[in-house]
Amino acid sequence: MTETVVDLQHIVVTYRAGFLGGEAFDAVRKVNLSIRAGETLGLVGESGSGKTTLGRVCLGLLAPTQGVMSFGGAPFGTLRQRRGQLSVVLQHSEWALNPRLRCGVSVEEPLIILGVTAEERRRRVAAIFDSVGLGDGYVDRFPGQLSGGQRQRVSIARALVTEPRFIVFDEAVSALDVSVQAQVLNLIMDLQHKYGFGALFISHDLAATRYVSHRIAVMYRGEIVEDAPSERFYGTPDHPYSQMLMSSLA
Amino acid sequence: MSALRLTGAALGRLMREDKLSFLGLVILVLLILVGLLGPWLPLGDPTRIAAGPRLGPPSWAFPFGTDELGRSYLPRVVEGIRATFLLSIVAVSITAVIGSFFGMLAGYFRGMTDHLVARGADILFAFPAIIVGLLVAALMGPGQISAVAVISIATIPLFIRVVRSVTLSVAGRGFVTASEVAGATPWRVMIVHILPNIIGAVIVQLTYAMSIGMIIESTLSYLGLGVQPPQASLGSLLREGSAYLTIAPWLVLSAGIVLSLAIMSVNLVGDAIRDAIEPLKGRALS
Amino acid sequence: MRLIGYLLPRIAIALVTTLGVSILVFLALRFIPGGYADILLGPFVTPEARAAIAQRYGLDQPVVFQFAHWLFSLLQGDFGVSMVTQKPVIDEFLRRAPVTLELAMIALFVALAFGVPLGVASGVAGRARGGFGRVIGAVGASVPDVVLGSALIFVFSVWSLWFRVGGYVPFSEAPVENMRVMLLPGLTLSVFGVALILRTTRDAVMQVMTEGHITTAVARGERPRDIIRLHVLRNAAIPVVTVVTTYFGFLLSGAVVVEVLFSIPGIGLYTFNGLLNRDYAIVQAGVLIAALVFISINMVSDILYAAIDPRVGTGTRR
Amino acid sequence: MSALVEIRDLVIAYDGAGAMTLGLDSAELTVARGETLAIVGESGSGKTTIGMSIGRLLPPEARIESGTITVDGVSVVNADAEALRQLRRDHLGFVFQNPMTALDPTMRIERQMVRAIGGKPSRDAIAALLRRAELDDPDRVMRSFPHELSGGMAQRVIIAMAIARSPKLIIADEPTASLDASIREKVMETLGRLREENGASMVILSHDLRLISRHADRVAVMYGGRVVEIGQSATVLERPAHPYTRALIAAAAGNEKPGERLEPILGAPPVLRGPGLKCAYEPRCGIARPECANNRPEARPVAARTVCCHFAEEVAAATSDTEEARTE
């Protein structure tokens, strides 16, 4: 069960500013990373560290300037070919769901794209709503009628409905209140035990990341300066930058 | 809530909060009804020659007076309303379809598509409407079809720009990214996610394009480039009436006032829809 | 440095647009019913003259050469020859340009003088639904020039009140007479401008008022007058500049109907008469000049953006 | 020496689309002179509303229904525009959450500083003020536009503006929320030092419990538009007497043991349609009893702080036991 889900080798992403090829800026520099099934890798860094860019590379939304991203041991291919195998949960819960569609319809979409039959879709959508703790009637509600935490649960349900092998959580709890954050963090951990997906948990909040991840990679100015089991971050990590991040938790 | 009750409530709130727009809505509905039901209304026969004195002033029998052939001008103006509305609606519908399609493509695909569509819009935008009218009249000769073409050419660039910017903002939202990651094709994303979320802005632009369309139609027809006799639109009636402007001003004024009311009502309804979609909350400075 | 990096692409875009416009006009004129060539040559022309004109316009060569030839002659200022007067069309346009320019200046001045202040006042007044700004904006934008012009002509034909319709006199020769003729059409054109600028300014001001730095200014206890003068106006300027330049571009090249109504001898009237006389060289030149004016005016507004908003051109999204 | 700020029985309502919601449900609060008071609360708790109401900087759709707000004896609720303007200019200093949107994007920093200081300050005076806010290259900062500054520098400019006219009270709305963790601590230290140098009081609105414990003398916890617990920071954070405060501390990730599970607060923050007749926290409270659902607890002193809970003693006692258990 511990096959590698996502593997990044020497990934470099260069942004070229300006119309006539202005100065180049390396958002990600020579990153090597791999995530196994059932494991959550926390990716911590401040704004501008390149963590979101790396997340987009892992999702196949952004082709790296250099380096190879392989998925399940094979070249990534296209999102179309990989449909149903990976998904994403994003930060702002007010835009996580299409306001015009009922929650059930939003969660059903990945199954429609996979070509699953209507009967099977209805069954799996109902099941996934229960497993995220939103049974009885939430399926037919519109996102506008839900609280931030509930909307985030629906987007997690959508991310899980095709039982993908890999999920990226990009600042998925940062916009939530502290009390609701804990609910969603626990939900992510419980669902990982149940479905065994590999996860990349991107956040600027070391406390939340440390709680939910098995391993943590600290990113600073496009490079990974430390990659260690999360227990290390309850004590004193090696790299000075990691220690500085820890100081804000004291 | 049934759609009927929903619109009823919205109308009620509109009447209380925004009397101006409500007035606009009432005028628009009245004009459309009169335009559609004209022939069955007791307004007189638009074609009956010498129904009254030639160039007679407004009177009970002929509320809008009579034209140079003694025809009552009221039923002719009513016929004109229908022609002007119909012509503008046809033109604006073409604009909406083409404008939304290319605007959405440019806003969603970005890159080269965006540049091509933007340059295309810039090229069309460079021609003021009436100048396009001259060119089209030279090409296809005056008439309803060229009027429709001119209105579309003049309003498509505006439409593309608005739809493009709205699409840009919607495409950046989480639910679009999530659908892309799930492997949805660009077409599915546009139809299921983007279109329903920009339809509000499209409708607002539609009303504004309608009012621009009616201005263009009346100007073209006045210059003899638009609707030609025997067909009649508010613009062509303005043209006919202007020949007798100083001696029988009621011809031009009646058609002109009705045309202005039509355009104003469409503008006001557009404002109301725009405020309903994203209310602009100002702020007191104290 | 910032400006060059920002303007270079803008200039490139303007050139591409100009090329596109000229291709469009060139092709349009070629598909005129009855064939551009026949119309250009006219039915009564002797064979030799026909050959000479064909050679002059390169009508025998493939379309691409014709276009290159046509474009090259344009760049040298040769906008073709009027079929009626056989004189270069460009001279007539240059002779009439000041008239249209004067009309445009009057309309723009009135539109700015009323549109901006009313727009700011109405915007600052905020949500007042029945705001006077909205009423003026709605009415002004809804009365077509044709209707307003006709109404003014009728009123002043009955009680002349110093104004005169027709009989244009250049400002240099007789300023008062000139004003008597030009004020009415100028005002007619300005009404739509007032409404357009008023609505845009009002929306821009209301939008700026919701921005964070206005809250900071209020929290600092700045006087409302100062907040408007120093913070609101400049931040609301870009949308207003956009609409003003677009409107001015329209005035310079699209105000045909007012020139026809008030028989003002500007380029609009000249182009319109060109169409009536099927003198397509005039129509072609008129359309091209209108588009070129519009494109260059938009270039001006791009430069103004960079001057007003320091973020423009540095890639920071506004 | 009366308190600098006294808020009594304040009710503020928000007119949403069609529905009215209560921002504050007869809230009580006092800020002593020279004190740093932190107001902690989640979305909908009313913390921003009460903080901003001190300077009556409320959004247009907010209405003060009833209650009084006095700053240094001046009533804010019925102050006319001019009096309010002078109060803000001379006695209040504001620091906002997002420094990038709080500065005029089209105006250089120097001119904006002049607006804050008022009158005709010399360049050196402005530079000195910026240096006090620990901006080491004031000349460059003065010449730049807001978008040319980093988040941290922009926030320091705003802090300099806030203390420009040595206000009696600084109101900081989530001052470090949009800053990176590395500079958050330094910016808070600067703010605290400048407050002390001016002898001003400060109100900090925040949802970050750790930040509060290091920088505030007292802390007020808000829930459902009311102050449910207020007292010395150490007392309240180490031995909370209100079930919500305790649950909030337990739910926050950061001080749990590796592998230890966080205790989330089930349900979601309340939306108040009208005055509360029962304890607003009752639906989510772990120790709720019938009495909590019938009558609304009033503020009363318990274990050296003020609490709105019928069973505060029980909560205070319970936390002190688990506290010992945890520290062994």
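Read from first to last, the chains carry the letters A, B, C and D; within each, the first residue is number 1.
In this section, contacts are C-beta pairs under 8 Å (C-beta built on N, C-alpha and C of every residue); 3 or more make two chains touch, one makes a residue touch a chain.
In this text, all values refer to a predicted model and were calculated from it rather than measured experimentally.
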Common touching chains of chain C and chain A: B, D
Chain pair whose interface holds the most contacting C-beta pairs: B-C
Far-end chain from chain A, centres as C-alpha averages: C
Interchain centroid distance [CA atoms averaged], chain A/chain D, Å: 32
Centroid spacing, where centroids are CA-atom means, of chain B and chain C in whole angstrom: 22
Chain centre separation in whole Å, for chain B relative to chain A (CA means): 47
Between chain B and chain D, centroid-to-centroid distance (C-alpha), Å: 51
Multi-partner residues of chain C (each touching 2 or more other chains): 126-127, 215, 218
Contacts with two or more other chains, residues of chain B listed in rising order: 281-284, 286
In the complex, chain A residues that touch chain B: 59-61, 79-84, 86-92, 95-101, 106, 109-110, 113-114, 155, 158-159, 162
Residue ranges of chain C in contact with chain D within the complex: 126-127, 211-213, 215-223, 226, 230-231, 234-235, 308-311, 314, 316, 318
In the complex with chain A, residue positions of chain B that touch it: 173-175, 177-185, 188, 192-193, 196-197
Contacting residues of chain A [partner chain D, same complex]: 46-47, 147-150, 177-183, 185-186, 204-208, 210-211, 230-231, 234, 244-245, 247-250
Touching residues on chain D, where the partner in the complex is chain A: 42-43, 151, 180-182, 184-185, 207, 209-210, 247-248, 251-254, 256-258, 261-266, 268-269
